[in-house]
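In the two complexes below, chain A is the common chain; its partner is chain B in one and chain C in the other.
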Partner chain A sequence: MKRSPATLALRWSGRVLVAAILLFVLLPGVVVAISAFNDRAILQFPPQSWSLRWFYRAFSYADFAKGFWNGLTVTVWASSIAVVVGSAFAFAIHRYKFALRDFLEGILLSPLIIPHYTVGLGILILASQTGIGRGFPLVIFAHVVMVLPFVMRSTYISLENLDTRLELAASSLGATPLRILFTVTIPLLIPGLLSGWLFAAILSFNEFTATLFVSSQATQTLPVAMYNYVREFADPTLAALSVIYIVVTATLLTIANSFLGLGKILNVDAH
Partner chain B sequence: MNTRPFLGWFVSPAGLVAVGLIAAMLAVFQYSVRAYIPGTLEVGGFTSANFEAMLRPLYALAFWNTVLICFETAVFTLLLAYPLAYALTRTNSSALRSFILIVSVTPLFLGEVVRTYSWMIVLGNNGFLNTLLLKLGLVDRPLRMMFTSGGVIAALVHVTMPIMVIMLAAALSHIDRNYEKAAESLGAGPIRIFMTITLPLSMPGIVAGFSTAFAWTFSAFATPQLIGGGRVATVSTLIYQLGFSSFNFPFAASLSIIGLALSLAVIALLKKAASPLERMAGTT
Partner chain C sequence: MLMRTDPMTAHTPAAASDKIRPAVQLDGVTKRFGDSMALHEAWLKIRPSEFMTLLGPSGCGKTTLLNLVAGFLEADNGEIFIDGDLVTETPAHMREIGIVFQNYALFPHMSVAKNVAYGLKTRGVEKREIARRVDEALALVKLSGFADRKPKQLSGGQQQRVALARALVIKPKVLLLDEPFSALDKNLRGSMQVELKQIQRELGVTTIFVTHDQGEALSMSDRIAVMSAGRIRQIAAPDDIYRRPADRFVASFVGDANILNGRLVEKRGDVAVVSVGDISAEVPAAPIAALSAGDALDVFVRPEHLAVTSRGVSGSLPGTVTTQVFQGGHVDLYIDAPGSARERILLRSPGIAALSSCPVGAEIGLTIGSDDIVAFPPREAA
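Then we have the complex of A and B:
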């Protein structure tokens, strides 16, 4: 197919534009990676001398280690509870009509729009009024509320794509509803449930604003610990931690992309 | 036979979570109309003083600032995310596809604190941009980019980009390419095809992305707090200050109620403004 010079010029300026935008997206990550190796204790670019000592400090700083384990506890509990609760509810709204159906759905999807600080403040006030302490259950509840919409969506999409004739076949062969659920429906939903869990876990591990309100010194997660650090110290420890974060996340995503197809999970694949 | 097996089992856990969330929201409402007693966490009797105080210029300005910042962030995010989403869905090279996908989606999984921190190094007085500008001789002393709303917006655009790219790419990937091919065979140029077919058909994604970007930015706290450094007052930073520095929870609660109402109103307005556009695209 022949192309006119104008079309070619358009094509190339489009490429330059996309490259420039990718540069904008990558820039902070690159800058933070270089700063992490700065030997001096101030944020300065470019660094004058190099060292690995901030990586050592990122690993040895007690609050980060504690925040990591706290965060992992909260994440595993919150995303697992959210997957069970959210998928069951998504199943109910997909299959049945029942009283308060739309109302409940609206309430549970509302954290997508309600500012996180409003949810955080609400749960904090509720806890202080009812005398529930600011322990792990409170933080986990806040996280379940935050990630539930994503899990519901992920399961709902999987249910839309599920071939119900398989369930009908099982039913006509005499299987009980419970048996159909565990031997047909749930196994077919596994990919959707897994990607919902993964998405919930990543969001929960990184949730910051609401967690800041509902967590205490004893339950603070990694993002909260990092936020407190950056307010107290100006050295590049956080840059080192950010580099670890970026490398681990990008690696996980690359693996997820090659095995699961990220495009499919995020629903951006061409049909 | 029961035609709705497991209904109770499947709905009640979600119902419990919903009850908890409603109780939390009611708690915020309740606190917002209670009097603040300095020095304690107890609240006094019912009052409308909290909402009246919001008319004071300091708070009214913070609201205006927040809406403005959110709007500008959503506009710039849309302008930057669209070409990426377009390239992502239209490139033939699968390596390039994966690269764009990973680069544009990774920041989504990094959290607000890490991303904000990296922008502090980019924008700081001894940071990357100032060093670059000084070396190139474009400025003689460092530009102040930290603690300005411009800096906050730059970082917020970066924070909001991934979700916008995902939503736009989802919309773009579902467009039937035959429309574009038909237009091309009838002699339309690439710009005309884009303006009259691709852009209108991607309108649902633009609206969804824009309102999500707006809501996320409205919710953002770490970015305005750390990059704004207390000099860019937004609703979220005010609520945190009131709650955790002066323990004025009633006033913090009334601010979050107004914040919630404002963000709902803006999203509803956006939806309304967008509906003629969507009709034009024939999607509703």
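Then we have the complex of A and C:
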């Protein structure tokens, strides 16, 4: 079949556009990744000479290791607390009609509107007023506040998709409401809860703005440690760290995908 | 075995005396949703082992009634008894009821065996006993080899059998069926109906069956409660519902009916004499109690109760054949009879003789060949 020049032109301009978009999306990552292998102690693109020494420094720099473990601690606690609290709220809002229901829902979803630095600053002011130190509980509290809306959404959607007749069937079979909750409702909500947890964990581990306000030298997370580093040094260590970050995340997601099905966890194929 | 009644009474529940304690009893049960009346003062007594069908169009209140018996809804007024015990305020999980939903509502995260075992586990039945009874229940619904499958791996008919086994294994006081056949294709539906009815008889389990399909209701039930707009219109055996409908709604909802223009001649106690053209016939007097001699009324005649004769024979109505529809075992004739009926009359002629004897355009006479006709006040007066 013969194609008109106009069709050909459209087809090619489409390809160029897609290529350009891909380039812009990938460009920062590619530039940083290549800079990480520079031998000289400056951020430069493209590098003149090559080395792996910044990777060694990224691993051996004490603040980064500490920040990684701090961040992991905060992430695991904050996501887990948020899943329990957020799911309970989602359940209450979905199943019961009560006074202030819409109000409560509004408040719980408000962190989507309130900027992270406001959350951080607010909690910092409260902490100093009440004399609470800037320990882990404070950082975890701030993270719970920020990831709660995402967990709630995820559980709420799972509840919407749950056929209530399953619970009615269980109750006709003699199951008490508590038994129904643990043998029918929660098992069927687990994909939603897992996806909520994973989403919360990704957000929490990467959170920087609010954490900067509420953390101290002892509790700083990896993003805060990176920020502090870049204020003092301009060498490619951060670039090396970025490469590590990308590789680790990609590996984890690949594992999660092959074992659990990423679509299932992220609720992509939920209907 | 799951058998729990003696077969002598299990097969003839309709013959049971009214003195027997009802398995399910509703005393003036009313349920409102906001401003709308979902169920208005329902009075109903279901005998032990009886197969009672709630029949009506969607929104008639039949599912509301079922949910009230199951304990999924709370009545606004009235009392509900199961096995003589007052259960109006008893929560669903304490009512000992088995239910099969339209979509079966099998637990998707459990195997077939776990689904069936669920109701036994909640009752704290011992493990080996659970295994034994699950096997027995699966054998009853002919799914013995399927214990380890997940519901998703089963066909619609198989899922329904699992749902039935799950409901029956707990030996429920009442089995509730909420439109269980409507998700099945037509062929499967017929065989499942036969099988379900057989199991129900064998076990003698009191059953409430909700459907909008009058064919299902007529073929499966011991008695039918026909419902419309939140009210029970008539409770009777299937043949009574068909032959002696209590009102216009029942007469037109169950089976086909032709409406002929008639006139009340006289009343003789329980029966009344009505005339349609040259024909005079006896009908039950109760539905037309408000009318007096000479009043116009609507006479309801089933298509198979009409017969064809020659034009002009005395005691016949004049008509013209407008359409012939060959149905295999019978022929449907559509007949214009402007003097006798406002709408086209449907006549069901057995065999194939009518194909040649009543061609389109034939001028014929109509006779009524049955005593099973009823009359109601005309629609304007109803």
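Some observations on this one:
Basically, the second predicted complex is superposed on the first by the 241 of 271 C-alpha atoms of A that agree within 3 Å, B and C clash if a C-alpha of one lies under 4 Å from a C-alpha of the other, contacts with A are read in each partner's own complex, and residues count from 1 in each chain.
Going forward, contacts are C-beta pairs under 8 Å (C-beta built on N, C-alpha and C of every residue); 3 or more make two chains touch, one makes a residue touch a chain.
Treat the numbers as computed from the prediction; the structure is a model and nothing was measured.
Look at chain A after the overlay: chain B and chain C fit there side by side.
Touching more residues of chain A than its counterpart among chain B and chain C is B. In the superposition on chain A, contact is made by A:G174 with chain C only, not with chain B. Applying the stated contact rule after C-alpha superposition, one finds that A:I255 touches neither chain B nor chain C. After overlaying the two complexes on the shared chain, residue contacts for A:L188 are found with chain C alone; chain B is out of touch.
In the superposed model, A:A41 makes contact with neither chain B nor chain C.
Of the two partner chains, chain C is the only one that A:D163 touches; chain B does not reach it. The superposed model places chain B and chain C at 100 degrees from each other around the C-alpha centre of chain A, with the value given to the nearest 10. Superposition on chain A leaves chain B and chain C with their closest Cα atoms 6 Å from each other.
Once both structures are placed on chain A, chain A residues 177 are touched by chain B and, in the other complex, by chain C. Only residues 6-7, 10, 14, 17-18, 21-22, 24-29, 31-32, 35, 42-46, 84-86, 88-89, 91-92, 95-96, 98, 104, 107-108, 110-119, 121-123, 125-126, 128-129, 141, 144-145, 148, 177-178, 181, 202, 205-209, 212-213, 223, 226-227, 230-231, 238-239, 241-242, 245-246, 249-250, 252-254, 257, 262-263, 266-271 of chain A touch chain B when the two sit together in their complex. Residues of chain B that touch chain A in their complex: 2, 4-7, 9-11, 13-15, 17-18, 20-25, 27-28, 31, 41, 80, 83-85, 87-89, 97-98, 100-107, 109-115, 117-122, 124, 126-128, 131, 158, 161, 166, 169-170, 173-174, 189-191, 212, 215, 218-222, 226, 235-236, 239-240, 243, 249, 252-253, 256-257, 259-260, 263-264, 267. Chain C meets chain A in the complex at residues 70-72, 91-99, 101, 103, 105, 107-109, 118-119, 122-123, 166-167, 170, 176.
Every residue of chain A that touches chain C in the complex is listed here, in rising order: 163, 165-166, 168-177, 179, 183-184, 187-188.
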